[in-house]
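Heads up: the structure comes next, in structure tokens.
Chain nomenclature is as follows: A, B, C and D, assigned in order of appearance, with residue numbering initiated at 1 for each chain independently.
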Amino acid sequence: MKIGIIGATGYGGLELLRLLHNHPEVEQIDLFTSSDEGKSFSYKFPHTTNLYDQPLLKIDHDQLKSYDVLFASTPAGVTSRLLPPLIGKGPKLIDLSGDFRLKDTTEYERWYKKTAAPTEAIEQSAYGLTEWNSQEIRNTQLIANPGCYPTAVLLSLLPLIKEKLIDATALIIDAKSGVSGAGNTPGPMTHFSETNENLTIYKIHEHQHIPEIEQGIELFGAQKTPVTFTTHLIPMTRGIMATSYAPITSGVTEEQLVNCLKETYAGRPFVRIMNESTEFCTKQVAGSNYCDIHVKVDPRTNRATIISVIDNLVKGAAGQAVQNMNVQFGLDETTGLTQVPLFI
Amino acid sequence: MKIGIIGATGYGGLELLRLLHNHPEVEQIDLFTSSDEGKSFSYKFPHTTNLYDQPLLKIDHDQLKSYDVLFASTPAGVTSRLLPPLIGKGPKLIDLSGDFRLKDTTEYERWYKKTAAPTEAIEQSAYGLTEWNSQEIRNTQLIANPGCYPTAVLLSLLPLIKEKLIDATALIIDAKSGVSGAGNTPGPMTHFSETNENLTIYKIHEHQHIPEIEQGIELFGAQKTPVTFTTHLIPMTRGIMATSYAPITSGVTEEQLVNCLKETYAGRPFVRIMNESTEFCTKQVAGSNYCDIHVKVDPRTNRATIISVIDNLVKGAAGQAVQNMNVQFGLDETTGLTQVPLFI
Amino acid sequence: MKIGIIGATGYGGLELLRLLHNHPEVEQIDLFTSSDEGKSFSYKFPHTTNLYDQPLLKIDHDQLKSYDVLFASTPAGVTSRLLPPLIGKGPKLIDLSGDFRLKDTTEYERWYKKTAAPTEAIEQSAYGLTEWNSQEIRNTQLIANPGCYPTAVLLSLLPLIKEKLIDATALIIDAKSGVSGAGNTPGPMTHFSETNENLTIYKIHEHQHIPEIEQGIELFGAQKTPVTFTTHLIPMTRGIMATSYAPITSGVTEEQLVNCLKETYAGRPFVRIMNESTEFCTKQVAGSNYCDIHVKVDPRTNRATIISVIDNLVKGAAGQAVQNMNVQFGLDETTGLTQVPLFI
Amino acid sequence: MKIGIIGATGYGGLELLRLLHNHPEVEQIDLFTSSDEGKSFSYKFPHTTNLYDQPLLKIDHDQLKSYDVLFASTPAGVTSRLLPPLIGKGPKLIDLSGDFRLKDTTEYERWYKKTAAPTEAIEQSAYGLTEWNSQEIRNTQLIANPGCYPTAVLLSLLPLIKEKLIDATALIIDAKSGVSGAGNTPGPMTHFSETNENLTIYKIHEHQHIPEIEQGIELFGAQKTPVTFTTHLIPMTRGIMATSYAPITSGVTEEQLVNCLKETYAGRPFVRIMNESTEFCTKQVAGSNYCDIHVKVDPRTNRATIISVIDNLVKGAAGQAVQNMNVQFGLDETTGLTQVPLFI
């Protein structure tokens, strides 16, 4: 397969490169950028010396058509214009930005404060939450790869909501992310001396992943309901933990919740239900495509605490994108994604 | 004032020393320990060289009686035996452990899994949440200094619960702490290579600060109600953030919540209501005795998100202890506690 | 005393504020800036809420004249123009930038790549390495406060060089700094996701502190000699360690080196000779004005390893500046600088 | 290939597992331990759930004989007894501890303060610095895998010493390591709250890697000479940087140094000579088997600064061990080791 990565110099692009480099079906990776074209990729990223010394390429519509797969890892508002003209042309399109995720363009414009992609393009796209939408993913050209937070949240909550084991109308989701989620553009929120040894809550009730979570609940689980969702910046580079709270349906036990999760994900290689441990952490999935889930019922309050962890750059971005590519091409879902987590 | 610190080699003890060192009313600080007696304090803690070269002293009941104030910063289960014989003797007693915090000894024994302190001693003690209990604090010999998490949680929630602006029966509290809260005994949960670049949820629904929070709500605010409370370990040394969620009472506005907090804490030097910022972080109180509070109402869900931050070793331990000492001695509450936060 | 801080929004300015806030002789602190004038200081820096809500002031020559002391903490190339017109006017001037440090303007222009300050102004200034130049500091209006690296290096090496106990012509200095030394302007070198979990060597042989170290050796110790000096960026916020290597003079013992250091700094409150420990670290001085020094002779190589640690923002910047102010005003050197290091 | 890992629960063992998991020639990995036998590996290390749920095995001499390769990653003093009886038996033996590295048993006992391995076993072993000793490695049963520091130091210095381009008699090596090098046993030096935001120099002139470096210089390069070598603990998990300083031979240029390195390592896939950048960091090799080298001559001092970086757990331990296994079995050196560095 001949691959093009658009936005290769961002963290999503770098992580795609890391994963695709050892993917057995990938023969060639070309790297596209809107700003450093002509520069050697490894000059900009010395860690790729000897591996990707090739020049960064200018984004060119005609050239793009010649790839088997195009991954786009660009800021919001770029692919809504860039990808629609490629629909119906050769390459499979996997968009890691938010531009095609929301089916409702009004919602997109409200939360992203940008012009939405054309409705027809959105309609032809599939939401790429692999474990829940593989049929559509297999049959579409254009995949809207999910956001990092929605991936962690939806994988852990959808089974319980769908089976009505928890009360989705009272959902509280307290999410925490490593700093790489903010990308590689320097700014005050990512300045080492102010981020290190610090914990910040940001975009309270205003994060653009809120409508994506609510849409996911509606698409795959139950009635639409507004959720409370907050995001915290953790002084680490990789990792997301979503801690969700909901009342359990009367009479439901912890065992039922665990079994529901286990049954839903039986045979799915990247979701692990981890209910043995008393501690549960992001490092147990670092560098890997796993989503690990843990659930505890508090008999004192009749509420469940449901926790999920992912590597925001892997299952939350590039890894799920490669998983979706595998599905599109009929490959084993795990191809190129068999890394053991980097616990250390 | 002549001060004794019992358990001087733990983090609580070290922080007491840091704060008391520049307290204008303190003339002498003696350092007691149960394990390294006779060793020079600065040999064990080189950062105190030239300041505290004196030997660590053996804990001795007769000697302890001669101090004006004794601070105890020991593991659970020590002061329940050590302090009661000093009641009625000379020194003011400020206990940073959990041994006198819970009025209900059954609750103590259930959550701490240790024998509780004698009931009479507990009855004579005052719960040292300074901003809410200064009358009792002023009139007691023995202060049960609050836990780090309960301090952050109660200061932010009590005014809103008391005024019935939020629904305390549906409280969800998602708390996050730096690693220093675990003390200075090495172990797997505090081993650098596994704590760094990692985020861990621990003691889910089982933290011993849960009954202390519930008791605080009952003591100062409203009817007792079980709360959902979880704790996360953040890869930083100092700082606690408590993010709490509750439905707002019908018709209540964000402005009302902010005003309630502002009115409650008007004239209280260490509580700041910070509703201007869009970001809110633990570093804004680091090294200081401040508790900063931020509140946002989500009109989509009619829930409030209430956030408070403290330095777990200062307002969450040694700082509040010194503040309580000031109250006991009729000094200005801020004496020795005027440090500007170490934002960098 | 009425104090003005020019460049109050940088890290040097913030740290001056933190230290001067509790200085017993300081009555008023005004905050000057070149970019955010009119804004409330605490709006920009919420950690100072209730403490410094005052507006940032525009830098104005006439107004500046009315202060007792002006501290300038600005980028290179600013004070070389700003301060000379104030010479002979009222305020004592303490410049934390590099503009007046190098006596040789050619050297300044070569290493800083900026126009040097006027020669007469430089001649009237004193190099503010307090322990070595207090006579000049006391008698001057304008102090060139030393760089962070030169402070750590010179304090540890000057006694040994002056007494010819080590061979200064073969000096190798391997220095390491926390990230706060790079200031508060975001950029790739200080972007969290690339600085965290990383160790970088930078400006190899090209750091502008090299001529300052060489000048210091000449001013206070011995013949000028070029030194090898490299700098490494450590994934922490505060702290500098300088590890220096030099052949010992034939027959000299470790004891002689230690004694030479102890004698030189006898009675100097901020320099501690720490030869007992087998480990030696930056945290033992964090937040304080100490410079701790450790020396070991390797009998296998007849070389000495001399290590010194400071907090780059305190003894390496704002702390030494306050110490110099104290000397200028005939106060006890330690006034306002008695913080116990923040080991935790 | 059927692999056994002895000491599987240490960091060396975990990293071997991570790398061997995707090695195409590996069919089975059994995990041996001296302390947790019978426990499920993934119960102890949840990140390996579904991958290594198998029980930890007791170390048993007869069973060990049946493997194709045995890796031992145990503390010093274990393999000196455990491996000699396996010499002449079936499995290739790759020892990651220091027990067979030093040819001179007196040196071993002096620096390690343990009884040395039997001389005959040491004589039959090959020092596993792959790029310098592949002939011996190919022909031996027992490989003494190099220490992390010596790997970084020797790869960067040997070419220059051998060609007499630098003066090895005046070598100063200032090394820095992430905390994972200290292994997974908790202790004060690795306790998060004291290691985070801290920089420590330790074992000054006394590190047991000193004789290994000196032996390496003698084995592959030049006359034995004592070196000055110090080690610093960096608040990060992975990575080593060795910054070495030496006078250059009269008339030698930076270009000659670079060319010497490039020629020595032409065709060696894991050593990269990186002289373009002005910054140089450990993250450019993180998670990979690369050793990157950078060299700069200072014309002011006629000294060279030679810097090398490795991931201490990969090229400094498990990665080089796998590389050596590849050489022993006549596989391509890079088999299983083609990971792109984890720059983020």
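In this section, a contact is a pair of C-beta atoms (placed from the backbone, for glycine too) under 8 Å apart; a residue touches a chain by one contact, two chains touch by 3 or more.
For reference, the UniProt names are A, B, C, D = N-acetyl-gamma-glutamyl-phosphate reductase.
This structure is a prediction, so every number in the text was calculated from the model and none was measured.
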| item | value |
| --- | --- |
| Farthest chain relative to chain B (centres taken as mean CA coordinates) | D |
| C-D or A-C, whichever has more C-beta pairs in contact | C-D |
| Distance from chain D to chain A - Cα centre to Cα centre, in angstrom | 36 |
| Between chain C and chain A, distance of the C-alpha-averaged centres to the nearest whole Å | 46 |
| Approximate Å spacing (C-alpha centroids) for the pair chain C, chain D | 38 |
| Touching two or more other chains - residue numbers and ranges from chain B | 11, 178, 180, 184, 193-194, 196-197, 235-238, 280, 283, 286, 343-344 |
| Touch list for chain B against partner chain C, complex | 11, 14-15, 17-18, 21-22, 43, 45-51, 180, 184, 196-197, 237-238, 269, 272, 274, 276-277, 280, 283-288, 292, 313, 338-344 |
| List of chain C residues in touch with chain D within their complex | 170, 172, 174, 176, 178, 189, 193-194, 196-205, 226-228, 230, 232, 234-239, 241, 243, 245, 278-283, 286, 294, 296, 298, 300-301, 303, 305, 307, 309, 343-344 |
| In the complex, chain A residues that touch chain C | 11, 178-180, 182, 184, 186-188, 190-197, 235-237 |
